[in-house]
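Note that chain A is present in both complexes that follow, paired respectively with chain B and with chain C.
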Partner chain A sequence: MAEATHRSSLIGRIRARLFGLAIVLLLVALTAISLYSLSQFEHDLVPEMDRKAAAVGESLAADIVRAVDYGVPPNALKGMGPFLAAGMEGHPEIRYLAVCDGEGAVLYHAGAAVDGVLAHFRAVAAGGAAADGRSVRVDVFYDTAVPITARAGAVGTLHVGVDQKFVQKTLEDIVLDILIVLLVSLLVTFELLLFLITFNISGPIETVTKLMTRVENGDFRHAMESRSKDEVGQFIAAFNDAVGLVHDLYRGMVRRADAYRQATGDELRTARRRMVAALRQLHDRFAFADAPKPAVYRESTLVDVRTPLFIFVFAEELSRSFFPIYVRDLFAPVPYLTPEAVIGLPIALFMLFVAIGTPFAGAWTDRYGNRPVFLWGAGLAVVGFLGTALAFNLYDLMAWRVLTAVGYAMATMACQGYIVAITTAENRARGMAVFVGAIMVAAICGTSIGGVLAERLGFRATFFLSAALALVAAAFVHQVFRRRESGPEAEQPKVTTREVLILLRNPRFAVMMLFGAVPAKLILTGFLFYLTPLFLHELGNSQSDIGRGMMVYFAIMVFGNPLCARLADRFRVRAPLVTAGGVLAGGGALVVLLWHDTAAVIGGIAALGLGHSLSTAPLLAMVPVVCEREVRILGQTMVLGVFRILERIGSVAGPFVTAALAGLFGFAEAMAGLGAIVLGSTVVFTLYFLIAGSAPPRPATRPAG
Partner chain B sequence: MKLTTKITVTMVIIVLFAVVVTTFLNYSKYQATLSDLVRSRFVVVALDLKHTIESSVNLGMALEETENIQDVIDRLRGKHEQIRSLAVFRVSAGKGAAVFDTERAGVGRSVPDHWMHALDRSEDGVWHAVDADAFVVGVSVVNSFDKLVAGVALRYAKAYEQDKVAAMFRRLSAAGAVVFAVVAGAAFAGVFYFFRPISASFARMTHSLQQLFSEEEPPLTEANAATEEEARFVRFQRKTHAVIEHLLEADEEMHNAEREG
Partner chain C sequence: MRRRALLAAALLAALLATVAATDARAADPYRVYLVAWRGWEDACQGFKDYFTAEGIPIEVIFRDAGRDKSKLPLFVAEAKALDVDLVVTWGTSVTLGMLGTHDGTDPAKHITDIPSVFMIVSQPVGAKVVPDFTSSGRNVAGTSYLVSEATQLKVARSYRPFDRLAVIYNPLEKNSVLNVTRLERLADSEGFELLARPVPVDAEGKPDAEALPGLVAEVAAAGAQWLYQGPDSFLNVNRDVLTGEAVRHGVPVFAAGENPVRRASALLGVVNRYYMVGQFTAHQAVRILVDKVSPRDLPIASPSRFSLIINMDVAKTLGLYPPINLLKFAEVIPARN
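Take a look at the complex of A and B:
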């Protein structure tokens, strides 16, 4: 209690100041850069848009000039309406095209009404405004005037009106992107900040403060390791000297008493008794280390695991936005599989081997400890990433992805094991929140930065970078994780077929899995991981755009999921939230069918993020309620473990189901198909739980007597 | 290294990292947007040429007979200084051979394989590729039966885009450097203001603890402890002092026992 109070004072103040100062500085710096970037972009890009408008105008003007040169009077050209309308096709930003005579009167026109710009047309004709290819903002348009000059002389002017909203929207898109950049930079920096501050500054202060409190309570068993030469390091050295002096004095007395252990003769025995009495008196009041030196105290923190986990998952997420496109580039036919299914195969295999590898990795963690399992896992992932980068064709790519998947399962399970080992039942939820938080933040940053990197460096180079990052994560763990960090408390229950069968006999659990959890994973891998990169690529989006688009899901999840979890706990509504989540996720995917464009896909991703934010935690919270009897038999951890394993069926099946749909109907239709599956499942789920209720009926109690 | 220096260095590293990441990502965004805009402008030019060729082809003329095409591409080349070359090539059996080219030496030559690869993969008839010295935008030319008969390839100088991108990079880097310098200065001031009292407190506590081993009274006592932490330290110090006294007394007792024994 005293330790906690103390921490909240000094450490709390230090952390608040460090993070407060860092966040203020970062926000100021990044906002300044972002605003400057935006102004520069506007300065450079608006003229570039003008040039395009001028190019369209010149192209059309050239045809008009040709007709006039053939002798057709400018005011007697035939079919100009359709001609101009055709000229606007493929350029959604162009709202009107107008051909004016030498006086500025409109001869021909297509597109939006130009009543508001007639005065400008006349001004251009009169020479009062430029006709030099630079745009002028008039009414709600940017008007670019292109002179029409035939062999006989000036004929008139062709005006190209670009929607002002389009220019604004392009700039707004850039602003949005810059905000995303700002968010990603802040998140990545925050991870770095957390690590640097915890390891260099607040961690040592926190530990020495804790040890001082222990000494206050008479505990002299621990010293601290510090190589730092700053004021805190010097203080730790002085602290160690003090504890060392106490320890040496005590050890000297113990040695002296030991020397009398074999003493014979009354006087010597009396002397020994007096010595032992003196030592006992000390023992009653103080605690000393029973070793030649005080033990070096080292505290494990959640940051130990957060930083390497973040780096490792970040490495894997770097390829999220382009992986299906990379697979398509390495395409090789596989007997009995459609091309779409072949593209989905490496994703499905990855999910499958993560699912298979997870229980094994858990067992290895218990047996060998977190550190070696993480290091081996990271090693496998490094080889997997390198192999993926150098893959010759689809077949070896699949082998490398399997290796990466096993490595991923091992590394993440080792991190989970570490958290279990260093937390207690009271603070384990917080520990797991750190675990999930690190994965989500890594997904946000990795997906968006991966898109940018792939665009600039190429797919293969990005995989090399992933390998390097996995190595960095391993180096962290090598330095930070203790050699052995698992105790009896860290033991994980083993899932066998028996437990799975016991649970599946519960119809509520089976319905929840089949129509709630599995479809949720199915749409995640199918819609987000498989279809989104391919469809957005087909729609002409760059890798960066795809990365940023996919990031939306994780960004919504990272903020929405904890919020919805709190709501579910507070109001005790679970099944309705799962229903709402399913409707949102499925409905969002279904909507893609209506528009077939980037905005619809991004909308679908956002709906998926919102839907999963609503449903993920309530679904998990339903498990102990639905499986009340099984929890009593198998324990809650086991039941949740089975749930976690079974829901991965959806992850594995996702790419295959999606590939089948995409092969038959196309990408947008496949997205809608997944939406329909989720909506249908949600209907069954809702109806079942409305009728049957969440909790199983209690056995009727016999009347007393 | 002093605590304040260490914190300042940490802050500066973090700010530097954030500034570099943000600048890099913004720069990438600019490059992608500019690239799209420039490309779409040249696609307009290429499409214009495509329509001209298709009009002739649809009148039943063979591609080689449309003599005005050479004039058209020469004119376009002269009009847009960023265009390095424009070529119209016949497509046959998956191969392309230039029929018209603003660089006369190119006429009759096979077009590069990566152009044909890009053309094959294009779904809307517009494709793009990258040559060593130029970006390429291309469009497919189809006859009235919608059969691919030719292609238009417009090569525009990388330098135009690269110069703009490089200029933007310089501007963003300069802005990043200025922002970094200002914020680093602010970090130094902020750390000095917020953390100097804490580091001074640790220095005082260290000094006081070192005095514990001398006969003198430790300089930090309950009376002059400035903060709650220093008060706590004084209690720790007193406890340590007490245990040392205790140990010395016990030692004395053992010594006596030894002597008497």
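Take a look at the complex of A and C:
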């Protein structure tokens, strides 16, 4: 990620060292703090748990005492089974409750078998272990003994058994939360360091280096913009002074030559002629600005766009892990739609309006420039997030989400436009890698930390935070983006139905769309964005768990996708990778049906990440091969544009198809159903391209993968 | 945002309206004429407390008949003369004396024009105060205080599951016959066996109390797990014999009233507290006075909450201790030793 923008080895080395050092220091500090707080937590957890167990025990013991005081003999208490079972309800950590008599024999018992604890019960009754409200580790439990004392004297003891695994699980959860915070802190630190160093140090130095190379070649037309008074600023100022001095000297000579022009006399005329000749030589040899001062040279870097894009996407991804659950909380019936479809509706609407908004946002970027479109987009998103946070019900929520979707489309298209503007045809691919990279890293950070935030602060507060972050992104762009980026005209092709029809008439393209690209998007929104939060929630996972689980997809994608893209390019294998990806993604989702548990869902998510890592880049790379003829007519950009628009049909349809499945069969079955759809599509895709071949039937110029 | 503003405006308006209404009422409290049969007791207190808690000012004009029916015509005349807003009657005697039956009202002798509410009438239909529970068909509303048979059986079942239930009743009391009819219907739907035994009538046409021990022995021999004592006047008088004999045969009694549990040997009573009934009646009164609902549009209902009373002495004797969950919200009459 770091080396994406520059190649100078010195700057690269400085940055690598700086980053290395900063990250190591941060890692050490954060790990130390985490370990310390964890040990504190562990220290506090058991007493806290004991207090809770004792409180539950005491309230039950009070009821027993009441009965005994009314004259019910302790060994003739009735309905103790349901009574103790009800006492355990709502306390998943309590595994058993047992009432023992004065000898420690069990009178009544509910929950897990206590065979391993009987000796302890007798020891407590014999006074060997004090019933002081502190728990004792026995067998696989923490046993808390609560004395039962009626008016007539001691009755016995109530034992509350807490699962030792519960303590372990709680600690594990905390550790994982801390790790997530650690990871996200590192990634965010990395993003910010990258921005600060590029913006303040390496960027200016690199620009100066570039200008020095020009000076070396005799080009004195440009000076640099000086943004600070620090060492870098002084260095730039010194460079500017030097360029300015040479420039001034040249201008002085020109002025003097002009002065000589009025002169008469042979000697002077000769001198003037020589001077003019010298000047002409100078002018031919070197380049000077026509203005009295050298022009200010500005350069934009990809980091300018990476940081605000990261922050903006991060803001949107914060709600990824709980959005469907939030929608369900605000549920309101919509005529003709099942409850499942209603829950899917806001997700589908968001996808739809991102899809609709993107071409418009592209056109606006061309007309008004990147900066205003990003600022307007971020503004819309801020309003959308605030509205979502304060939503009354499903109806206004949908309106807010549409607003956010349009803002999202505008902001991302503005960033893409900025990259197109500051890159050339040669380094545009790397620019786009920066774009995709920022989005993926933001998704990793946002999904995981969003879950933690939602659990600690609540859903609505997290949306407020999203609004604040979108505002920060806007502030960045306000400061960093140029008012108008001059660069190569951003080539945003206008897609009309004509182009779509031309492409769809190509059966290979149609098959690739319908059985490759659309199902891939379908399972992404349906399985990951819609079903995963709801199903994991139903399985009893916390918001943090859900966020971590969903992060797996993005974490695999961020590393796997570029790797597979390179492999596909090097070995020119495309269709088989798409097949493998489809089988993995579909198979993973199908397998959820076998176990119905959290591990299966996480496995499905990982399989989806691997599958999409394998298939996304090769599928895109297939487009120019499959559409060789159309590319010649419409141009590659246009063909890829149509591809990108059409594949979004899958994103929009995903929640609806999934909702229909979930409504009919349940969550796990819906996951499996999506898996079956993807598997079936993959089979059709594979068979078709096996029989028909990748390239159109005319003499193929390129070997097909 | 705008909706929130609208909401706030609406709330403010509602608040102002309430304040205005309260002011108007404070100046002129509702005048309620309350006639009791045996003094100011829990139902009357519950009635009055409800108004206090709701902040609705009333002026209660209280009259006590002192178990003397002859006083009632005077109260009718006085209520008419005072032109009160509402008449409240306590008990079957007062209600019949003041309001008459639904098919025999005399505007000269009864209250007809002033809206009225009755309470503590055990059988409003049987006593002909109302033709049925959906409406009085006249300017009268009221509350019932008996817990429905289905609820009573549910409580008895949670104390001690049964598939054979006995009931002994006076066939001359219409209430009791209706009560047994409803039990028979429940026996069908819930699938238990009902052993219903009417008390034999002697030569003078009166139920024969001497027959009670024999009847109890008979149902005990038939394997009854509970004996039910309904709202039956004859049995209420003979409750000591009935419940005492039942305990002797090891059969627990559950009763639809407090007296058999408190003053005799019934194990369990499922009842509505008079205080709660008074409060519920006050709620009906507010519907009439404040919401201007016509009394004939108010069905005769009973409070949804009920109380259980457990006689611990009997529980001990029978060795039938109450389940601990039931003990949590029961009133327990503690064992004497």
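Quick notes on this structure:
By our rule, the second predicted complex is superposed on the first by the 489 of 705 C-alpha atoms of A that agree within 3 Å, B and C clash if a C-alpha of one lies under 4 Å from a C-alpha of the other, contacts with A are read in each partner's own complex, and residues count from 1 in each chain.
FYI, a residue touches a chain if its C-beta (ideal position, glycine included) is under 8 Å from a C-beta of that chain, and two chains touch if they have at least 3 such contacts.
Quick caveat: nothing in here was measured; it's all calculated off a predicted structure.
By the touch criterion defined above, A:N75 lies against neither chain B nor chain C after alignment on the C-alpha atoms of chain A.
Among chain B and chain C, the chain that touches a larger number of residues in chain A is B. Contact with neither chain B nor chain C is seen for A:N393 once the two complexes are overlaid on the shared chain. Of the two partner chains placed by the overlay, only chain B lies in contact with A:L245; chain C stays clear of it. On chain A, the patch touched by chain B and the patch touched by chain C do not overlap at any residue. Chain B makes touch with chain A in their complex at residues 1-3, 5-7, 10-11, 13-15, 17-19, 21-26, 28-30, 32-34, 36-38, 40-42, 44-45, 47-48, 79, 123, 164, 168, 171-172, 175-176, 179-180, 183, 186-187, 190-191, 194-195, 198-200, 202-203, 205-206, 209-210, 212-213, 228-229, 232-233, 235-236, 239-240, 243-244, 246-248, 250-251, 253-254, 256-258, 260-261. Only residues 63-64, 66-67, 70-73, 76-80, 82-83, 86, 392, 396 of chain A touch chain C when the two sit together in their complex. Of all the residues in chain A, the ones that touch chain B in their complex are 6, 9-10, 14, 17-18, 21-22, 24-26, 28-30, 32-34, 36-37, 40-41, 44-45, 48-49, 51-52, 55-56, 58-59, 62, 90-91, 170, 174, 177-178, 181-182, 184-186, 188-189, 192-193, 196-197, 200-201, 209, 212-213, 215-216, 218, 220, 228-232, 234-235, 237-239, 241-243, 245-246, 249-250, 252-253, 256-257, 260, 263, 267-268, 270-272, 274-275, 278-279, 281-282, 285-286, 449, 452, 455-456, 538, 542, 544-545. The residues of chain C lying in touch with chain A in their complex are 3, 312, 315-316, 319, 321-328, 332, 334-335.
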